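Labels run A, B, C and D following the written order; every chain starts at residue 1.
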Amino acid sequence: MVSVGIRVTVWNEFRHEKSDEAVRAVYPDGIHEAIAAPLRDASFEVRTATLDEPEHGLSQDVLDATDVLVWWGHMAHGDVEDEVVKRVVQRVWDGMGLIVLHSGHFSKVFKTLMGTSCDLKWREAGEKERLWVVNPSHPIAHGLDSYFELPHEEMYGEHFDIPDPDELVFVSWFQGGEVFRSGCTFHRGNGKIFYFRPGHETHPTYFDKNVRKVIENAARYVAPIHGAKPVYGNAKPLEVL
Amino acid sequence: MVSVGIRVTVWNEFRHEKSDEAVRAVYPDGIHEAIAAPLRDASFEVRTATLDEPEHGLSQDVLDATDVLVWWGHMAHGDVEDEVVKRVVQRVWDGMGLIVLHSGHFSKVFKTLMGTSCDLKWREAGEKERLWVVNPSHPIAHGLDSYFELPHEEMYGEHFDIPDPDELVFVSWFQGGEVFRSGCTFHRGNGKIFYFRPGHETHPTYFDKNVRKVIENAARYVAPIHGAKPVYGNAKPLEVL
Amino acid sequence: MVSVGIRVTVWNEFRHEKSDEAVRAVYPDGIHEAIAAPLRDASFEVRTATLDEPEHGLSQDVLDATDVLVWWGHMAHGDVEDEVVKRVVQRVWDGMGLIVLHSGHFSKVFKTLMGTSCDLKWREAGEKERLWVVNPSHPIAHGLDSYFELPHEEMYGEHFDIPDPDELVFVSWFQGGEVFRSGCTFHRGNGKIFYFRPGHETHPTYFDKNVRKVIENAARYVAPIHGAKPVYGNAKPLEVL
Amino acid sequence: MVSVGIRVTVWNEFRHEKSDEAVRAVYPDGIHEAIAAPLRDASFEVRTATLDEPEHGLSQDVLDATDVLVWWGHMAHGDVEDEVVKRVVQRVWDGMGLIVLHSGHFSKVFKTLMGTSCDLKWREAGEKERLWVVNPSHPIAHGLDSYFELPHEEMYGEHFDIPDPDELVFVSWFQGGEVFRSGCTFHRGNGKIFYFRPGHETHPTYFDKNVRKVIENAARYVAPIHGAKPVYGNAKPLEVL
């Protein structure tokens, strides 16, 4: 369970918390701080970045020094500069891990990497969600029981318009009658991606111990692996032609 | 083996044939006609479209009347208008099948749908390629032997930077010592995609009977299936909350 | 939507119906007849076979004349002769389609083909099941809405111990709080397999129009495809060594 | 790169080495010792076991104390007791990692876990094999170049009759004209499986530094992960029915 030396950047749009009293009540320091705190406790090297910083806090230098990027956005996806999106996508291709949370399904970064609309069903009713582990030997399920519950969450329902995930880790049951593929992994280039559903801004989801455990596990799982270095471009024959 | 009623549009960049005598000698009517002819013989409804037509021949009306789009491009990927790329991608999401051939791996359409760089190794040496069927019960392999050969082709070698394909149908052996995942399927939205490697403009690949058989099989395979209609957006609960 | 010429054998254990009045009340002619009737109406060539016939009704001749085998068993999995299991498995490898229903998850045939325990959670409480389509463009979802409901069913819950399915078509929501991967496809050899969850013997599930539609769609989907013929064994080199 | 504390058992049929002078010349201490030595050097806890020991050296106690089992067999697959096969399969389901080498593709253990014939093409001509990395960011490719070569190997060619692998890591090019999916991962129950092609008994393949590196990487990759504990059997509802 190594986390020392893994450099995590937690990115948050950080707008709801400024404009909406109810959200500020739940996340007084911003959603990014609620996500960052347990990662710091688990000995990751953690920094945060937010939309309204220069270059959204995601300069080339910051990204080059990031092993795992965590992404939370919702109301301002359109305000993220295409240049920064391109930079993030390139870093994923180069091996940076990416954890996309909740409403980040509609972020430019996630949609660009998926190649689909990433659309889904949704409802804000504060209903119960129960997340079932469907891949119990997956590292992201480490230390969990066979399911865990969130008493109040926004509902996301199928159909979720993503490519078939490489691995399906969680499926959610919702009180209102829907299901959702809530934990999915993908590879793009040399980078690993984990999409994790929970996290509505009006609920204290990122203080839940199971949610925190999943994000911690995922940060280890998507951290770069120094595999073989791919070679591209024009190539001489290896055999006599 | 139904093809009647499947509307295929064969799209070709159609630039090499105009500027390069050697290519014109192989494909005097354009690569699109060499691809279209056997599909017409197999009773598909076939039209062609090329880059230098208005809207590249891919107006909304044409796309709306297309079940399967075949894409060949190479030297002018950058000349394809983003607006048309967006329109093609949306139609794939809506269910249109897409067959991407050879150097189309670097087209805007394919890269947008994959979410990766789509990079690879290559060499123009006119060497032998042998395509092995690794998924013999796949519909795209219908009527083939366990392998087939192309005496002279451009080499494409691994690593091919694509997401893990949903299905791997062909793997190529090259005389010069490389291998390549030459036939791959993907889903994006409601649309099926087939990438097929062979087809360099200086070789008569699209006159080869096995290559023609594969494209014919693939056109049937990626044709739209009228499955369930997905529903997106805000949703009322199905159970009492 | 071709079904003419597809030869389906519906196999049923046919023990509950003889020993249990409540089951007989629901399926007076046996579960096999309730499954066979709509397939006959859809123009498949249908026969039935049951456990207590000689060779369980699955002689080599019958299997050789079967394109798609539908399997329902529950209380007598152990009474199925290993010789017959071996014969069925070999036919799947040779290209026969297989549809495994409900409690068939614990049949020798399915467990042999999966290579896993196929274990799961279960509860007989006659609760509501809602099946969500998670792969809307899949042929098995043809003609369905985005979900369908069964008012009373046995519950099967995750974790379902199967290999990662090649394609996931349905996920079930249960009133009691569980989820389940209810429609899964697999390839083994040249044969396609579809596992479909619903169908408890005390509920009239096989009279439900959506369940019937799914089985009909699946029978078309798993019917043999005459792809390339694989070649095995000692092989001469294709190139000079 | 943790290996301390991972308990590896290297199992070898160990018959060729006794009966065949040419094999003994290459592997004087047995193939198992050639595989075990570099794993010991890499700080795994390694023991060996062979067919002619009581219970083939794979008593329940040995398996219970094994995190990763490496399997080499060829001429005597039929001599492996079904009871031991069952025990090994159960341990994989319980989480033990399994690395199956070369001719182990036809072992009872591998065939039982795959659910397919595991058949393939083969030729003993001592030809050149080149293994290409097709999944460069996979942990099993750690530290490799984009390909590596073995100057003399038995050829295995497609079609290889396995289920679609969860991950494809290597594809081989053979001098005689064939290709092969040479490095494949699978999950069965809680256990991870890696099939790795090279290793004919008449060639010093297990002394090759790249082959050793792959086996070392794979031993780490398939080592058990303590994920969520799945729960099976009869279950009370979690919601009021």
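Going forward, contacts are C-beta pairs under 8 Å (C-beta built on N, C-alpha and C of every residue); 3 or more make two chains touch, one makes a residue touch a chain.
None of these values were measured; they are calculated from a predicted model.
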**Prompt:** Can we say the copies subunit B and subunit C touch using the same residue numbers, with more than half in common, or are the two sides different?
**Reply:** same
**Contact-richer chain pair (by C-beta pairs counted) among B-D and A-D** = A-D
**Message:** Using mean CA coordinates as chain centres, what's the gap between subunit B and subunit D in Å?
**Reply:** 37
**Message:** Just the number, please: Cα centre separation of subunit A and subunit D in whole Å.
**Reply:** 34
**Message:** Please output the residue numbers of subunit A that touch at least 2 other chains, ranges allowed.
**Reply:** 130, 133, 135-136, 146, 157, 159, 164, 167, 175, 177-178, 187, 189, 230-231, 238-239
**Prompt:** Tell me, which parts of subunit D touch subunit B in their complex?
**Reply:** 130, 132-136, 146, 157-160, 164, 167-168, 171-174, 177-179, 181
**Complete:** Residue set of subunit A touching subunit D in the complex reads 2, 95, 130, 133, 135-139, 141-146, 167, 175, 187, 189-192, 224-231, 238-239
**Fill in**
subunit A contacts subunit B in the complex at 89, 93, 112-117, 119-123, 125, 127, 155, 157, 159, 161, 163-164, 166, 175-178, 186-189, 230-239, 241
